[in-house]
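So that you can tell them apart, the chains are marked A, B, C and D in the order they are listed, and the count of residues begins at 1 in each.
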Amino acid sequence: MLVVEELTTDYGAVRAVDHVSLEVGAGSITAVLGANGAGKTSLLRTITGLVPATAGRVRIDGENITAMAVEEIVRRGVAHVPEGRGVIVELTVEENLRLGGLWRRAEAARPKEIYALFPRLEERQSQPASRLSGGERQMLSIGRALVARPRVLLLDEPSLGLAPVLVAQIMALVRRLADTLGLAVLLVEQNARSALSIANRGIVLDLGRVVADQEPEALASDERLRHAYLGF
Amino acid sequence: MEPRELARGTGLSVHEITVSFAGITALEHVSVDVAPGEVLGVIGPNGAGKTTLFNVICGFVAPQSGALRWRGEPLGRIRPDRLAALRIARTLQGVGLFPHLTVLENVTVGATRFRRAGLGSALLGLPRSDRDERALRERARAALAQLGCENIDERLPGTLPYAVQKRVALARALVCEPELLLLDEPAGGLDARELSDLAKLVASLGSSVAVMLVEHHMDFVTSVCDRVVVLDFGRVIADDVPRAIQQDPHVLEAYLGRDADTGDGLGAEARATDARG
Amino acid sequence: MTKFIDLTLNGVSTGAIYAAVALALVLIWRATRIINFAQGAMLMITTYIASAVINSTGSYWFGFVVALLSGLILGAVIERVLIRRVESAPPLNAVIVALGLYTLLVAVAGMIWGNTPRSFPAAFSIRGYDIGGTRVLFAPNDSFIVLVVIAVALGLALLFRATGLGLQMRAAAFQPEVARLLGVRVGRMFTLGWALAAMAGALAGVLVAPSIFLGPNDFDPILIIGFVAAVVGGLDSPPGAVIGGVGLGLGLSYVSGYEGSALVPLAALVILVFVLMVRPSGLFSSTQGRRV
Amino acid sequence: MRRLGGSAALRRSTLLRSLGLVAAGAVVLALVSEGLGAYDNLELATGAYYFAVLAGLTVLVGVSGQISLGHGGLMAVGAYTVVLLIGNEQWALVPALAAAVVVTSLVGIPVGAAASRLRGPYLAGATLAFAVGLPALADKFPATFGGENGLTINPPTPPSFLGASFELERWEAWIACAGALIVLFVLYNLLHSGFGRALRAVRDDEIAASLCGLRVGRAQTLAFILSAGCAGLGGGLLAVVLQLATPGAFPLELSLTLLTGVVLGGLGSLAGAIWGAAVLVLLPSWTNDLAHSFSLSANVENNLPFAIYGLVLIGAMLVWPSGIQGGVRELGGRLRRLRAHRVAER
């Protein structure tokens, strides 16, 4: 589904992503872990075209999307939930949701379908998103990403600033989405333990390079990796 | 229970605070005390009122009822810009540094309460103003050194790693020599190594500083806090030492999640590691 | 009493024009967070174009349509060619570019059409209605002005509130990057915002031209009041622009009628300061202060 | 050793630096003025009073982060104060200019206090209305302010010790330059003090600034008052140089031109204000000369200067997004890197 080959990104003289290769298949979750500044967010931003790649390729179902404009990449079925959630606080909850699927026109999911996943949002559908709590905003931004019925979901630190009970719920939901909708999920997380608990594969980045690419169990049992990068 | 008795006289005492916005109650009869030398964690689900509590203490939000006492004196109408003089400092969620000021300038702004020279001597460039400036900069350098942030005086915050920015923000709060330090999600966005550094730092603050921190990172809260207050729907549902909090059924229900105790193999294993360490 | 009625009616029709100008400014503010100081010069150009078309074809309505279309094109071209290059620069840069554009367009108009003002025809009669034997200061053409502005305001409200296109335009203005991640073609939304705004401006130009004379600088006072109206109403709010425009039209009509036209600018200042002291972001703005 | 001690003292003392800057400026300006004819000395005087206004405005807009489209109105306050005091009350030049600063600063208090509640375009709108509304007072009270025609005063007389042949225009340039240097002195000190830093902190993040103990509204109001005082001095100098104050001398265009000057020169720096003043003085006469060097029809010839002016504004903003001073700084940086590169290659 999503194939990243030797992707490299530079910010001026700084190399943020350094020849990263990975694959995420339909219905599977790949967790991207690593310390701050390891290049996790840059990797996602390069995949969606927010930052230009210096070298390498990104392909969706075989189609090379590397040099495309963000809007075009999104229209190939990639949904990116950015760090800090990117809820547009001036719009209402329902408007945020509708916005997610406008380019899909009739094929977009109805808000009702999203409310079925997140009943909390339905109660607040006509309120401006600025009134939502952090957890509700996270639900809204994930829900909004699903409206366009994407095939690839990129999640940037969904657990940031959330209560443990919510983190567990969100992780469980992501797993369920991958299983039921066949989404290919690339999950960037600081919270390695939660991320690995739902992932099919774990990748550890350091200074933009892949230093480990293994099954979650193997990663979690590697004393050296855990100590150096994962923090548990 | 000992620290709570102490708090009455010397630390911060929040008494029966109620806040509502547009008919929605954000805090309901909330009482919290924190004593010098104590590290108090405030946890709770998103939207439980933790940040509102901070905003009440800082004067950004006026409570409908209730009272605050600080060092034994009642705090009347609080103005944010007078907190530093009362020796109360707060860090903001994220970083909250001034993006176009250098690191040294950022921290020097935090030392504003030590400024003695007036506008007149600044406009005339009098030596008095220069001396004052040098003194403030010395304080700022000392605060940066205390946090291990040397040789970045002239850098802009945006050019530094996130964790270093958070340290600078902490230095800016500490430079006014606070007796109450309010930390809003200090661990947010930090990785494992940075977290353990931060924990050491908080532990080293000493017996004269009361610390109140809002945080979601439970491992961090458990390791640095002497006591934890749990808010849910604007009410205090628990107030106890961390170990007791983790077993409190209400807290498990509202915040930690029931699964936290059983969990899958991975989580259980991780907790076992924590216990060993 | 007749004077009061006359002033009220006059206030409504001039207020409708202020509202149209304010709508143009609000549209651009909503689309790209820029105050378009070139708006006055843009609508001056389109009105000159209309004048040229009317003179050569003899058809008012043909000129009217051409004005609107040329506004649409002018707005889109200006956004594509100039504004796009300063969108990521500090906000004041766009202000200066707009001021430069204003100077340039005024000069170009002077070069082509000369600096001597000329008259511009009205769509309908400008002889006031005869009500019970007295002639009031409100003519069929004023009815036309008010109706057109109401129609445009309603159309825009509908566009923004009820259509996906309007939603995309708002999202692009508030958070361009997030909007792009949701598949919104942000660049097109900006262009469209400028095009629509310039069209609303062009409309205001042809509506107001009969009651003033058409010259390179003759629209400036209306632009200033239109800007004040937009600020009074709250720059994010099209209904606010209309209410601000009509309110200001009425207020200034009374001041001008009872106290003399010299005090009009001062009165505008007083009204603005009064409103902003009570509501610092205008009457109908929904944006709120930063959360801690 | 002595030189080292001297530079250390310079580094430590803001006063020494600002006085040195003023002394150097005075010498340069006196020499320049000596070499100029009457017309060019008037241009120099114009540049000097523009600098006084632009320097205050650049502190307001670039350092404290507020915007003003009303500084032309504040200049009018200073100009009318000077003309009324000199013309009606027979005040001497210096006290009249000082009074212009005081009166304009006083006007700046309520305006600044109101401004500190407003942000961005709302502040722009309010100050714009101020610039448009204020001149109407001159029409409302023609007995005091002379209505449309305004008021006039006699030209200042050069003191006798300068010699009988000392030109009036040169004397006017000296007066205006003296005013500009005072502004330079005060604002240089301000920008290098803790107060300057406080203004930048407030501009960057009001909430964080208040938590650091800064009174946000008061800092913003003070910045406004200071820049109003500078505008008042600039307006007063304008009245002295032109010997008149009329509503027509302070149209909205003036306020917009001032804003253009600070942005084009480079926001937030006094050097930028110098560039800005130079542009405001030189650009119109250059465009005029250029336009009149072709033989064109009257319509085109009369409007061409404005067309060029507009094009230059647009072009400059596209080429130097951070103003001329920003461009100069970038160029300096590039040269330094180039030199370092050469040294490294050797």
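Definition applied: a residue touches a chain if its C-beta (ideal position, glycine included) is under 8 Å from a C-beta of that chain, and two chains touch if they have at least 3 such contacts.
Remember, it's a predicted structure, so these values are computed and weren't measured experimentally.
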Each chain counted as touching chain A and chain D at once: B, C
Greatest separation from chain C - chain, by CA centre: B
Result of counting contacting C-beta pairs for A-B and C-D, higher pair: C-D
Distance from the mean Cα position of chain C to that of chain B, given in whole angstrom: 49
Chain centre separation (chain A, chain B; CA means) in Å: 30
Centre-to-centre distance between chain D and chain B (centres being mean Cα positions), rounded to whole Å: 44
Junction residues of chain C - those touching two or more other chains: 292
Two or more partner chains touched - positions in chain B: 58, 60, 92
Chain A - residues contacting chain B, complex: 34-37, 133-136, 157, 160-166, 168-169, 190, 193, 196-197, 216-217, 220, 229-232
List of chain B residues in touch with chain D within their complex: 58, 60, 80-85, 89-90, 92, 96-101, 105-106, 108-110, 112-113, 115, 117, 119, 122-127, 129-130, 132-134, 136, 172, 176
Touching residues (chain side chain D, partner chain B) in the complex: 12-15, 17-19, 185-186, 188-190, 192-198, 200-201, 203-205, 207-216, 222
For the chain B and chain A complex, residues of the former touching the latter: 43-47, 93, 161-163, 185, 188-195, 216, 218, 254-257, 259-260, 263-264, 266-267, 269-270, 273-274
Of all residues in chain C, those that touch chain A in their complex: 164, 167-168, 170-171, 174-175, 177-186, 286-288, 291
